[in-house]
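Each of the next two complexes has subunit A plus one other chain: subunit B in the first, subunit C in the second.
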Partner chain A sequence: MSEDKLIEGVLSGKRRALARLISLIEDEDSSVSRILAKLYRHTGKAHIIGVTGPPGSGKSTLVTRLTTELRSRGLTIGIICVDPSSPFTGGALLGDRIRMQEHALDKEVFVRSMGTRGHLGGLARSTSDAVRAVDAAGKDIVLVETVGAGQSEVEVVEIAHTVLVTDVPGSGDDIQAIKAGIMEIADIFVVNKADLPGADKKVTEINAMLDIAPTSDKWRPPVMKTNGRTGEGISELVDEIQEHMAYLKSSGVLEHKGLQRSKDELEQIMEYKLTRELMTKLQGTPEFDQAIKRIARRDVDPYTIAERLITKFLASCRE
Partner chain B sequence: MSSSKKIRVLVAKPGLDGHDRGAKVVARALRDAGMEVIYTGLRQTPEMIVEAAIQEDVDVIGMSILSGAHMALFPKVMELLKAEDADDILVVGGGIIPEDDITELKKCGINEIFGPGTPLEDIVKYIRENVNA
Partner chain C sequence: MSEDKLIEGVLSGKRRALARLISLIEDEDSSVSRILAKLYRHTGKAHIIGVTGPPGSGKSTLVTRLTTELRSRGLTIGIICVDPSSPFTGGALLGDRIRMQEHALDKEVFVRSMGTRGHLGGLARSTSDAVRAVDAAGKDIVLVETVGAGQSEVEVVEIAHTVLVTDVPGSGDDIQAIKAGIMEIADIFVVNKADLPGADKKVTEINAMLDIAPTSDKWRPPVMKTNGRTGEGISELVDEIQEHMAYLKSSGVLEHKGLQRSKDELEQIMEYKLTRELMTKLQGTPEFDQAIKRIARRDVDPYTIAERLITKFLASCRE
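Moving on to the complex of A and B:
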């Protein structure tokens, strides 16, 4: 598929083009930044919803249920599910689709599985660009399901407008609830498998944690009970998700976050490009190799050498 | 194409057949060989398999069937792939499939059939050598 055809395909919502683009993004193909550059102005329309929580807390089932409800409200859906890659072989078994059979033939639901490929933080490095591709393809909602998260897989907060943190009854005590990390990123808490004993206690614990949280935020994360098996509580959850988006818009938080994200992204891209530029210039040069050897022998220190090489690089840019 | 290209494989169980041990063992072996395996689970229709293969942009589809319905389901998958212009995907099968049927299935575009007792390394090697890089 040619680049122009691919771009045209993605923008008209063709799923083969979208699927191919996500592969190129994952494989870090050299064409990706050119393609994304052309798609950029068509993005920013989708409501991006992150779903995170411990392994086995029902994230995939919840995503399926949410999809059913959102579809019934006339919205189109893209789903990106991330599962871990093996740190030893780089392989992965991506099994989130198993729970998403219900929507397998709905052309307005696009599901894509991603392996983390060595990236920590709960997502793959390319997840944010993949989400952007789905956004460009015109989906109203993008659901991003993270890997089963522990306490510090919090990266989803950087790409999602609304973050759902799932938990189940009987997991941990009230001290777990006030620890830093994942409990801080929720816009909405979801106590899933609420038919199990201890659901109300869990809700109370999370609410108690929220009561003592010093926050200037006007949005207090609601704590919702759901049952992924029966679908109980899902409609109310979707109401809250839409409520949250309305809050983001009316409070100006959406605009503020948008600026922050654009700043972070621009910095990241510049840092990446600059480093690559510098390293392609240096790597393999006798000067660089010599410096490494001298550092290893303790003749010189890496701090001084780094300073010197960068100064020289910047000077060469001025010429 | 950059060097970080990973082989993506869809492992599926078409039809009414609950025997998924073989499919899981193969999925695990492919994972251990560094591939990304998308496992769809049981009771897939040909339409579901082809749709998943397209959305996941896989290089390979592996189907396991032990119910005897392979002559109905495998060719249907091939037909749908052609209709979607996606017949560049490598398609392999496994399970209990008689010799005579294998010839027929290969005629309709299934690239290879791996019967019981196939060493896992053979499957890995076959995929590595035949996938459209």
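Moving on to the complex of A and C:
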């Protein structure tokens, strides 16, 4: 498929083109930044929803239910399932296959799993690019679901406009743990499996936490009860999600976040390009090889050498 | 404590100075690169041993046993316990406290835990710096133990000369999972809790895996059986660890790895410094602010703008 055809295919919402582009993103193909540059103008329309929470809190089922509800409201969906799976425990992505079954015949639901191929930083980057691709393909909603529950998953959902943090009734210790890094990123708390005993207690606990949490925001995260098995509470949850987007728009937070994200992205791209430029000049030169040898021998420290090489590089740009 | 005093303290192996420096590293204090630059010449002597493996495979107990055995051979030890704990599950670091008890009175054992304060990339960086600090303080051995078992932990132990991957007798499924990302990083496999049924089977399984693994190395990772509770097999394990270092030296792999690490580190430092230089020039200029607004509005894509700003930055270095 030529690059132009691929771009055309993605923009007209063709599944195969979109799948192909995400594969290129995963492979870090050199064509990706060119393609994304051309798609860029057509992005920024989708509502990106992140779903994260501890293992066993029913994230997959919840995402399937959300999809059904959002579809019934006439919205088109892309699902990116992120699995920075531990190399020890693997990552079965079973949820992915289940979802595929339920929505397999629906052309307006695009599902894709992404795992780590290499470094974690790469996963955040490629997830963000994949979300952009789905956005360009015209999906109204992009659901970003994490399989695991580590710091990296949290970073991944931070690209979302609305972040759902799931939990289940049960051990109060979880709350303590969640406090640490999650309070700040949750826009909506979801107490899933609400038919289990202790659901109301859990809601009360989270609300108590929210009462004492320092907040600069005008949005107080609602605490919703859902049951992924029966579908109870899902419609109300979707109402809250849409409410949150309305808040983001009216408060100016959406615009502010958009500027912040543009700034971060511009910086990342410049960092990448500038470093590549520097390394192209240095790589393989006798001076660079010599510097590395001296650092390895502990003749000099890398900080001093770095300073020297950069000064020289910047001076050389005069030529 | 003044910078010079701190450096002097670290170099003479003072615990308080070392602990203080690692705190500065964790805080990303601006003095860190200056201090590490001065310590750099005094590093490169310690044997760095990484210990990773699935939760419940007895890594903490193993590290305590290894410490006792290494101490009995007259070696001094630093232990860096890395916990990029999930914000959902917390990280108790109980193992740390247990170890502290056993070796609390031994001045030649330095123990320190490190967690994520912020981004994962930061943890790999700060762990690497902390290991360097312990090295500069003159410890013969640095044990880097991970609490979790995710991709990030694997990245962290990659700074080690010798990587131990622990496992326990039991479910054969684990093997499949371990295959994925771990085969390549293990220098020694440790089947811990070897008194449990199935230990020999586990050893056979790992060996079978190794038989079919593609390898360019001359070192075939041995599969050792240990019992953290009784201390069985620990002495043999330490023999193998020392054997591995002897191999690294005689084969030239140690020298090669040292060069590679020097190169990686030099590149990272240059990337950081160069980006900071660029951002100092751009930040707050009307041109930069305008660019961000246009990207957010989707008037232009960030790739094109990045190219333009970099070209201008490099040209401006002529002045």
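As a convention for this text, the second predicted complex is superposed on the first by the 285 of 319 C-alpha atoms of A that agree within 3 Å, B and C clash if a C-alpha of one lies under 4 Å from a C-alpha of the other, contacts with A are read in each partner's own complex, and residues count from 1 in each chain.
Everything that follows uses one rule, which is that a contact is a pair of C-beta atoms (placed from the backbone, for glycine too) under 8 Å apart; a residue touches a chain by one contact, two chains touch by 3 or more.
Here the structure is a predicted model, which is why all the values come from computation and not from measurement.
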{"item": "Which superposed partner A:307 touches (first subunit B, second subunit C, both, neither)", "value": "second"}
{"item": "First, second, both or neither for A:212, with subunit B first and subunit C second", "value": "neither"}
{"item": "Partner chain(s) touched by A:22 [first = subunit B, second = subunit C, both, neither]", "value": "first"}
{"item": "Partner chain(s) touched by A:30 [first = subunit B, second = subunit C, both, neither]", "value": "first"}
{"item": "Partner chain in contact with A:278 - subunit B first, subunit C second, else both or neither", "value": "second"}
{"item": "Partner chain(s) touched by A:269 [first = subunit B, second = subunit C, both, neither]", "value": "second"}
{"item": "Greater subunit A contact set [subunit C / subunit B]", "value": "C"}
{"item": "First (subunit B), second (subunit C), both or neither touched by A:110", "value": "first"}
{"item": "Shared subunit A surface residues [contacts with subunit B and with subunit C]", "value": "85-86, 89-90"}
{"item": "Complex contact set, residues of subunit A against subunit B", "value": "15-16, 19-20, 22-23, 26-30, 85-86, 89-95, 97-98, 101, 104-105, 110-113, 115, 117"}
{"item": "Contacting residues of subunit B [partner subunit A, same complex]", "value": "1-2, 4-6, 8, 27-28, 30-41, 47-48, 51-52, 54-57, 84-86"}
{"item": "Touch list for subunit C against partner subunit A, complex", "value": "33-34, 36-38, 40-44, 53-54, 84-90, 116, 119-121, 148-152, 154-155, 174, 176-178, 180-182, 255, 258-259, 261-263, 265-267, 269-271, 273-275, 277-279, 291-293, 295-296, 298-307, 309-310, 313-315, 317-318"}
